[in-house]
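The following pair of complexes shares a single chain, chain A, combined with chain B in the former and chain C in the latter.
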Partner chain A sequence: MSTRFWESDWFGPFVITLAAIIVVGTLNPSFLSPFNIQVLLLAISVNALIAFSQMIIIAIGQMNLSVGAIGGLAAISFAGMMQVWGMPWPVAAGVALGIGLLAGLANGVLVAFTGISAFVITLASLSIYKGVNLGITEAQPFYEIPDIVKSLGNDTFIHPLPWLVIPCVLAAIGLWYLLNRLPLGRSILAVGGNEHASELSGISVRLVVIVAHAISGGLAALAGIMLVGRLQLGQPTIGDDWLILSFAAPVIGGAILSGGHVSVGGTLLGVIIVAIFTQVLVLFNIDPFLVQVVLGGLILWAVGVNRWREVRAQRRAGQVQI
Partner chain B sequence: MAIDVRHNQSDAFKDMMANTSQQDAPPRFSITRILLSNEFGLLVLIVLFATIFATISPAFLSKFSLYALGRTAAVNIMIGFSMMVVIITGGLNLSVGAIGVSAAMFSGLLMESFGMPWPLAVAGGLAVGAALGAINGIIIVRTGLHSFIITLATMSIFFGIMIFLTHAESYRGISPVFTGFGRMKLFSIISPLLLVTIVVALGLSVLFRFTALGREFLATGANERAAELSGIRVQRMITYCHMLSGVLAGVAGLMLVSRTGAAIPSMAGQLGQDWLLPAFLGPVLGGTLLTGGRVSVLGTLLGSFLVTMLTTGLLLMQVGAFWVQTYLGLLLLFAVLVDLVRRSYLQRRKLI
Partner chain C sequence: MSLKRLITTLVAIGAIPTAALADPSSRIALIPGGPHPYFAAWEQAGADAAKEFNLGEAEYKVPQKWELGLQNQMLESLVTQGYNGFLIFPGDPVGTVAIANELADTGAPVIALAGCLKDPSDAQFCMGTDTGNSAYLGTKELLKELGSGAKIAHFTGFLVDPNTQLRIDAVERAAKEEGAEVIQVIADIDAPEPAEEKINAYLAAHASEVDGIITTAWVPAVVASSALRKIGDKRIKMVGIDHDEVVLQAIKDGFVHGTMLQNPYGQGYIGSYAADKLRTGCTVKADAPFKSNALTDKFIDSGTVFAGIDDVDNYVGSMQAITETLFATFESTYLDC
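Here is the complex of A and B:
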């Protein structure tokens, strides 16, 4: 565990973030204007929750393709309950969060009790949740969002910090505490590292898998709810484009896809890097269609670097000397 | 102690013999085996649902409905094949949709902007499919990383470059001969696209059953290390499978162009994600193991056909077009659960 700080997961992304801020800020001073920082933080807050939602599943060595579908379902439930049933927003948000937790829980139970790969289960549930979303909304958005929700989704509490930063920071601290300080979190990483060994050392692998999927569903739902406030309407398409991002940020943050190794700080920096790169394309009038190419390129680059670090670490540990 | 060892060894040997003799002589169980096979189950489901749909809505058996069903199934089966040939190596290809659209768009470009005759344009599109598949394969074998994350990244890259180059605009100047092909009716109910799919299915069956190359693909998927030790160039096989996947995705994309009369960037949805479910439904329903090494071309064909038929039938019964996706998801879940039960039953009866 005692790695020097420049070998830790977050160091590489941190240097890149710092360099990007300095370079972009010098070339285009409007990048560091309070308004632009507010815009960036809004994007980062929501995207961080999307990334955390995938990160917790990567930690147990699985994948969750239904992150976007759960987020979208929670988003339209939140907006729909306020518009159609006139629910007060905190109740609607609570119920929508519950829906997300349940959707994640269902994924976890199916994966844990059938032994079918999480890929297939979440591909099926992606389709089910998205279908329910479309069935309810018939692809029409909910427009009547209370003003307070719109305000919470866009305004700042201390200039230039938007309200949305608060749930994001709380989730980051909570996840860090869970993964580094709580027995449950250590079990999650242990299951990801070696499922069989964890089982033998008395960890209930099934329970851990179910809990991780439930947390993932809850985080995705929170991201969806926040996005309703930010977009000021309940779009049925919320979540459609989350898949690539949800993998990009954790991987940039040093997560190993086979499980057992994730970094909350690294993932957060991954989200910041993606947000800066995306904005650079806009600031310098580069075709925004290239965002997808940049995201894909970042994933390839990051998995390449992680692989190289893994091989180097093994070589140092002498495991490769056969 | 030595006796003990010998005793154990002979026991193990006896067990082994018992197992092999059971495996070699299952003709007594052969009917049960056929009845419990994936392909037979799918056939039963297809007949069952066709009967139900035809009873509820006679329009299901109308000439046009059957023609449309065959034409849609042709594309879905091809998408299923495109995923199947990668699944047999134990990998995945999330970029099938992105490759399919890129290949179709390139053909559209060749036909509209360069006025190329359609056979050349089709060859060009398929070449793009093969090239993009090769890029996937080469990155996967060079880095040793799982195909999931690589093809997730390339899905984003291929689609992004395609949108950047085409400015998200369609090519509508498609050769009339080519679009006529997609609208032609043989004997008033059969689409030539379905014939293309059947020819490809026969080709794939021959490849996996009778050629050394096909057997080497399967061996690579079953046990990479063992395949390597028996002299198979594993890395090359994986790259070939990804190239084949790219070509088949290109064929599916071109079929859509031929059917709609235009090459449209959004024909597989955002990043080509809309193809993912049909791509996995066919092979998974058809009994192709996700861990690799086992393939059923007929199963994939029947699986994709069943999915297309269910979609068409549900739309015809007006259960609400928006709910169809939910039913397909439930079907995938149901299929993998049934497969689990079936497999454990066969294992208990020692039929596998």
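Here is the complex of A and C:
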């Protein structure tokens, strides 16, 4: 049965985004200046990949606490390979992406074959990946980033659209196609919806879990690589504060934490809402001690909406059974 | 289980080689609150102090994250490994007091380094930058360039760091004295991603309304330097903090007016020396001329100095000069040996 568009996951976040843009743009016209749009898009491009990285794991009903650690490891690997070994940036980016995929793959294999919960496995791997990061960098940034990487991380290809938007859009389209059109994507959602039923219907749950974690690692690594370009240095602390955003955006976008239901468009809108709120707090000179309160309230609201959706879905299911 | 009981038990069952505890040489641990480039100079400082003062070792150990629990676990682990002197950046000025007292109970001298513990504690003293004074002097340097009536923005660090409020107050005070106005404070941006997002958003909206920027934390200084370079605005004057390469290069290229150097090397070097002295019989003078700050009455200022375009090539020399000045009179001023 087709869903009316106002019942879609993305509709609520879309209305909030639109309203926020109109209200903030009216109160502070510089919000819609080309430079500010560029600043917003730079933040959204990276944050969307972080959120997608968690979203794919939420889709299988699990969570990945090591998203930031994988992104940070890929980031310092990318920067380090260019600085220490003089590696050309596309090769370094490819290897860093590979490191992210491998790190995610390791998470997936451990979760799939040990039966230990993803929470515990990724809690442990967070520590391992962060430890490797600190072991390599000794908490010191890598500074020698090629000019082309700095340019790709900050410049626009059509003003005010930054280059970083391109990998973000490609990743969003790829994920949408995977989850909505490919058997693997449908299997990911099926495993998240009911793992036991999926297994009985012939889906290899282990394979799906491993692939989902590998995709998650790859996306986190891509975010880390992009951040090196944006920040123009390889900071060892990259990824340290990704966790809250990685959950908040998919949840605002309609993902159900127990799995089986995520929305690429909704998650993207969730990222945009968080980015706009973060900017608003700066533009309107909100007391810095209140910023955390406002962001916390936003997350609480999103979780509340999510819970309401779950209850409503359960009630509907109950009505169908009757 | 308390740390003391844990050690006693481990010694009793032979888990710790008693020879390690009986070793007369000093084994000093320098422990920051978490990974941060500010503390990197402690490693070399410890190594230099160990070599020059013939210490057993002075090792720099970094907790994986800025979490009090992780730092406490590391401290407990180090004491069981036989470390017998501790230089600690408190993960929390109150929360770290308990573990500092437990360490002191084992006979190890504890010194709060770069950040203070809240009195009362068993720490011998606190040695660090007088953060309020550094922020005050930095703002004065900025306003010397801008003149009265200037509008400035203040970018600073973690809100959980008690120094942050001291910095905010000091910048306000200096601005008021010079007839300037602090039109915005952006805090909690001592991590690269939020700093990049908020500073760029601020400049996108308000660059034309602000005359100057004062930054009082490492990462905001780096990000603001890059942001000013990116928008190519040399009208806005900025005074940063610390000695990150990005900030120093921005000073050379004219995008940043100057930076307030702190003295992490001197903290680690003199701190290691003092811990060894205190472990081998010296005591802190009863009438030592400690300063007071919001947390403690046993504060030693490790020094701060402004470096503009003329000093930036010799910033290491500037930091060494502060260390030499403090070290020359340290024992006679603060210790009874």
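Remarks
Basically, the second predicted complex is superposed on the first by the 307 of 322 C-alpha atoms of A that agree within 3 Å, B and C clash if a C-alpha of one lies under 4 Å from a C-alpha of the other, contacts with A are read in each partner's own complex, and residues count from 1 in each chain.
By our rule, a contact is a pair of C-beta atoms (placed from the backbone, for glycine too) under 8 Å apart; a residue touches a chain by one contact, two chains touch by 3 or more.
Note that the structure is a prediction, hence the values are computed from the model and not measured.
Overlap between chain B and chain C is detected when the two structures are superposed via chain A. When the two complexes are overlaid on their common chain A, residue A:N154 makes contact with chain C while staying clear of chain B. After overlaying the two complexes on the shared chain, residue contacts for A:L231 are found with chain C alone; chain B is out of touch.
Looking at the shared chain after the overlay, A:Q279 reaches chain C, while chain B stays out of its contact range. Legend: residue contacts after superposition of the two complexes on their common chain; A:D240 is shown touching both chain B and chain C. Within the superposed three-chain model, A:S33 lies in touch with chain C and out of touch with chain B [touch as defined at top]. Contacts of A:N194 after superposition on the shared chain: neither chain B nor chain C is touched. Using the contact criterion defined above for the overlaid structures, shared-chain residue A:T114 touches chain B, although it does not reach chain C. Residue contacts after overlaying the shared chain place A:S204 against neither chain B nor chain C.
Once the two complexes are overlaid on the shared chain, A:S125 sits against chain B while remaining clear of chain C. Of the candidate stretches 56-64, 146-154, 200-208 or 218-226 in chain B, only 56-64 runs into chain C once the two complexes are overlaid on chain A.
When both complexes are aligned on chain A by C-alpha atoms, chain A residues 127, 130-131, 134, 138-139, 240-241, 289, 291-292 touch chain B in the first and chain C in the second.
Remark: chain B residues 92, 139, 143-146, 148-150, 152-157, 159-161, 163-164, 167-168, 270-271, 273, 276-277, 280, 284, 290, 320, 322-330, 332-333, 336-337, 340 touch chain A in the complex. Across the complex, chain B is touched by residues 63, 110, 114-117, 119-121, 123-132, 134-135, 137-139, 240-241, 243-244, 247, 251, 257-258, 287, 289-297, 299-300, 303-304, 307 of chain A. Here chain C touches chain A in the complex through residues 35-37, 39-40, 43, 62, 64-65, 159, 183-188, 191-194, 196-198, 200-202, 204-206, 219, 222-223, 226, 230-231, 244-246, going by the rule given at the top. Considering their complex, residues 28, 30-31, 33, 35-36, 38-40, 42-43, 46, 127, 130-131, 134, 138-141, 143, 154, 227, 230-233, 235-238, 240-242, 275, 278-279, 282-283, 285, 288-289, 291-292 of chain A touch chain C.
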